[in-house]
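Heads up: the structure comes next, in structure tokens.
Going by the order they are written in, the chains are A, B, C and D; count residues from 1 in each one.
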Amino acid sequence: MKDSTQNKITINIGPVHPSTHGVLRFIVDISEDTIVKVDPEIGYVHRGVEKMAEMKNYNSFMPVADKLDYIAALNWEVLYADVIEKALNVSITPRTVYIRTIMCEIQRIMSHLLFLAHVGEDLGNTTLFMWGFRERELLMDVVEEVSGGRLAPMYMSIGGVYYDLTLSFGRRLLEVLDTIEHKVKNEYKAISYQNDAFRLRTVGVGVMSKEFGISHGLTGPNIRASGVKRDLRKDSPYLAYDKVDFEVITENDGDAYARFMVRINEILESIKILRQAIKEIPSGETKVKVPWFFKIPPKYTFVRHETPRGEAAMYLVTNGDLKPYRLKIRAPSFYAIQAIKDLLVGNKVADLVTILGSLDPVPGEIDR
Amino acid sequence: MIYDFFYNWFNGFLSPLLSFILGWVAVFIIGVLITLNIPIILGWVDRKLSARIQSRYGPTYNGPFGLLQNIADVIKLMGKRFITNRNVDTLVLNIVPVALSLLAFIMVFIIPWGNPNLILVSVPFNLLFIYIAMALSPLFVLLAGWSQNNKYAMLGGFRGAAQITTYELSLLLIFVGVGMLSGSYNITTIVNAQSHIWYIMYLPIMFIVFLLSSLAITERAPFDLPEATQELQAGWKIEYPGIRYGLFFIAEYVRLAIAAMLLVYLFFGGWNGPVLPDYIWFWAKTAVVTFVLMSLRWVFNRPRMDQLIKIGFNWLLPLSVINLLIVGAVLFY
Amino acid sequence: MINEEPNADEFSYPGLGEVMFMKAENFINSVLSWGRSRSLWPLTFGTKCCAMEMIPFGATKVDADRTGTLFVGDSPRQADLILCSGTISKKMVRRLLSAYEQMASPKYVIAVGACNISGGLFHDSYNSIEGIDRIIPVDVYIPGCPPRPEMFMDAVLALQKLIRENKEQGH
Amino acid sequence: METVERLKSEFSSSLTSLPSTNANETLLLLSENEALKKLVKSISTEFDILFTLLVVDRPPEAFELNYVFSRYRDSALLTIRVNLNHDKPVIDSIAKILPSAEWEEREAYDLFGIKFRGHPDLRRILLQDDWPGRPLRKDFVVTDEIRNWTGLDLKF
């Protein structure tokens, strides 16, 4: 046998590359179209968010939290608001709880649709890409109707939400959900998960065992695709997740196709949650009075939520000042990208984009 | 034959030598015009079709229905600065786009355009000439990949050469099969032999094989691995700015048109058809085949390189051989 | 005499050939600028939120392809326009510069979003650049955090107008 | 929890329980830094994921490292707190035991300058190699000089 390191080529992928989902960089050593070593390099959108948190007062940090993960902005807004409310010992009204649940689930569907679109793009199927964005726009309009913003809505405030839901919101959302359910079950089926060419590229690619995922700290849909039944919405319910009925989606194969299917099924599950939440939403106030400037006594506050990409957490350290003493952000994609350097070895170079896309990383939250 | 027409027309009032030269010049100009117009028209159709499949509009601003869009693209590409990297093989780098469009030009020259007389220059074995023009392209793809001094380009060049070489084999077997059935490698003879029954009835498997092979040889999605945007940026075209990049579109779309026309000639009876005049039959068939070839691009994702080669060698090649043997056996008895 | 004859040494009327040449030059220039304006292929240099609004700009609802803005997604060599969006961190600056330098002239730059124009929300961060016009020349700015996809369309149309009126020669 | 009882008997002298403000969280203070590796090894069967590594800079005394462990079975959390000398912040790496700690430690090295002994690949992760300073330290002030620094040698 010839030594495989002799005819090794080192190629650089990124940071500006159509399939890196933003600005990630991979320095890949390949030998005869097979990856032998990957060195992921991150930090291309490092903005020093954790330092900025120490420089701003609690309310001023909200727009920054909004832009941590720009695909699931509302989830991070809810998480940040939740941390501050926990530290302040403020309890929000029941209507706010439901509004936040609805917004989190809308954002989850939007994020997963974008994931489907990006996997389509990575595999060279531009139509799936365009369709994913077509359905995402429908939900964007719904979010815009309530909050006035599309991508970074700035809808959550500390102690509630900025505006109450509009009158037509529920009816409109249900219409959109019907459309999306129909499209996911029919059109997407034809072009992606029942399409032989799609299965050829994803089934058995990037297989991640249960042990591998656990030891590398993967969470969310990525670990659920490997058969670990773990969902914070079920395990330690927050918001209104203990009042709605839903199932934790798992797949057993742990390959790219399983990760794709978990997301497809989670869209349908989120639609189920939304329909219940719209029906059961109580009336009442949407805000608890919290002053703009406030101090939090010295304490450690830890809150974690299930964002579309996995378990996100914020660890807030306060020292009785107007600003946080330290805010640590735990980004689920950070661990996914960390795992990719062991996951990619032995695969074909063309599978790099498939595996990377199926892990659904977002550089915004990786780099913070 | 259009050359004969011009020669005879010029010969009416000029000397034979002069009419020989002028005849070739006229044919040459017509060939160039056709070659240049195919990418503009087909490119527009491609963009509009893809847009409608993806529930968009496609180009609308430039001219009616965006018809002038590709002309604007060409003008823009011609106006770009002619830049070349350091450390590249400049000669090879610049020869490749010209050579590829020249191969396309040759194919335009020797294929009949919907009528046995509508052929620029008639060549006895024009099917084989077209095959040769197609078979030469991996050489230039490889040269392009090598000359750019870029790893993406080199990988793309290797991929392109491997892909085209793999699928050319099945293509050759198809041509042999058709040649066995009709007894000729001249497209006019082949079409005339199909006046009663189309060859798709004899060679159904080969039709599928030809469909896939022609996609692979034209390097269009889903078989656009050599230039896979998501993997290799632009593959072997990566360092070509300006009009040199535009020339690749000529090669791509002319090969697409030739592939569609060959499908019609070899399997669907060419211009044969009842009641309606022959050119309507031919262009209707070609339009349908082109539509199918184009829309395949927007429905399937691309396979991996090893899978593509596997499909070519494990399925398409044996199937072609089997079909060829059956045809041979039937013809022998 | 009020109108003095110009001195023949200093001034002479252009000859016919010169006029023809100038007319032809003007015609070629106008055709070129029409082509350039109507076929702006962008290099999507998206780093952050604005990139997520840049994709709907090319997708179904707004459809950049209508104006000839084709997302070829290829290398910088074939692009005419950088749609530079999102925060540019200090690590990203040299990549932006090299991507810009790889493009063939004439090339144009659109700065998208508050972070890109002035640092925006992250202006007091230790790792962001306060405006890409410190690094590369910018032709059109799109404000917003993030801007809507329609604003991208507006910016591209504005750039097209500038190019057609020869106010913007590219770099 | 039985794990905590077991750990306390194993590391009796160096492990003290602290009151935690969060639900489901057990907070333990490890006073002996050298024992960290052994401690992590002994809990890694029970708590299988390093959920996050929170570093708090408390000048002039110490860097406070909070290793937050979690497990997939339920939502229990275990936080091990370690204090490091502020002038010479060095601690053993646990990246070999838990692969998920590798990048967290690189990040702590990058942003705080904490050195991890025995780390397989200790480089800067978020910032480029020639970046001046450790930005998340409390003595690092974001000045105009830092904000205008691009790392490029631009001449206009």
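The rule is simple: a contact is a pair of C-beta atoms (placed from the backbone, for glycine too) under 8 Å apart; a residue touches a chain by one contact, two chains touch by 3 or more.
The model shown is predicted, which means the values in this text are computed figures rather than measured ones.
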#### Entry: Touch-network distance, chain B to chain D, counted in steps
2
### Message
So, comparing C-alpha centroids, which chain is the farthest one from chain B?
### Response
D
## Note on the structure
Distance between the CA centroids of chain A and chain B (whole Å) is 44
### Task
Could you tell me the distance, in whole angstrom, between the mean C-alpha positions of chain A and chain C?
33
### Message
What's the distance between the Cα centroids of chain A and chain D, rounded to whole Å?
### Response
25
### Message
Taking the mean of the CA coordinates per chain, how far is chain B from chain C in Å?
### Response
35
#### Entry: Contacts with two or more other chains, residues of chain A listed in rising order
18, 43, 46, 48, 51, 55, 130-131, 134, 367
### Task
Specify, in ascending order, the residues of chain D that touch 2 or more different other chains.
127-128, 135, 140, 142
### Task
Would you mind listing the residues of chain B that make contact with two or more other chains?
54-56, 152, 229-230, 233
### Query
Hey, which chains are touching each other here?
A-B, A-C, A-D, B-C, C-D
### Task
Under the touch definition given earlier, write down the residues of chain B that touch chain C in their complex.
47, 51, 54-62, 66, 68-69, 71-81, 83, 152, 229-230, 233-234, 237-242, 245
### Query
In the complex of these two chains, what residues of chain A are touching chain B?
9-11, 17-19, 33, 120-128, 130-131, 134, 191, 195, 197-198, 200-201, 348-353
### Query
For chain B, which residues are in contact with chain A within the complex?
50, 53-56, 151-152, 155, 221-222, 224-225, 228-231, 233, 298-307
#### Entry: Complex contacts: residues of chain A adjacent to chain D
42-43, 46, 48, 50-51, 55, 214-217, 223, 228, 230, 232, 235-236, 299-304, 311, 313, 315, 317, 325-326, 328, 330, 334-335, 338-339, 342, 367-368
### Task
Spell out the part of chain C that touches chain D in their complex, as residue ranges.
90-91, 93-94, 97, 123-130, 134-135
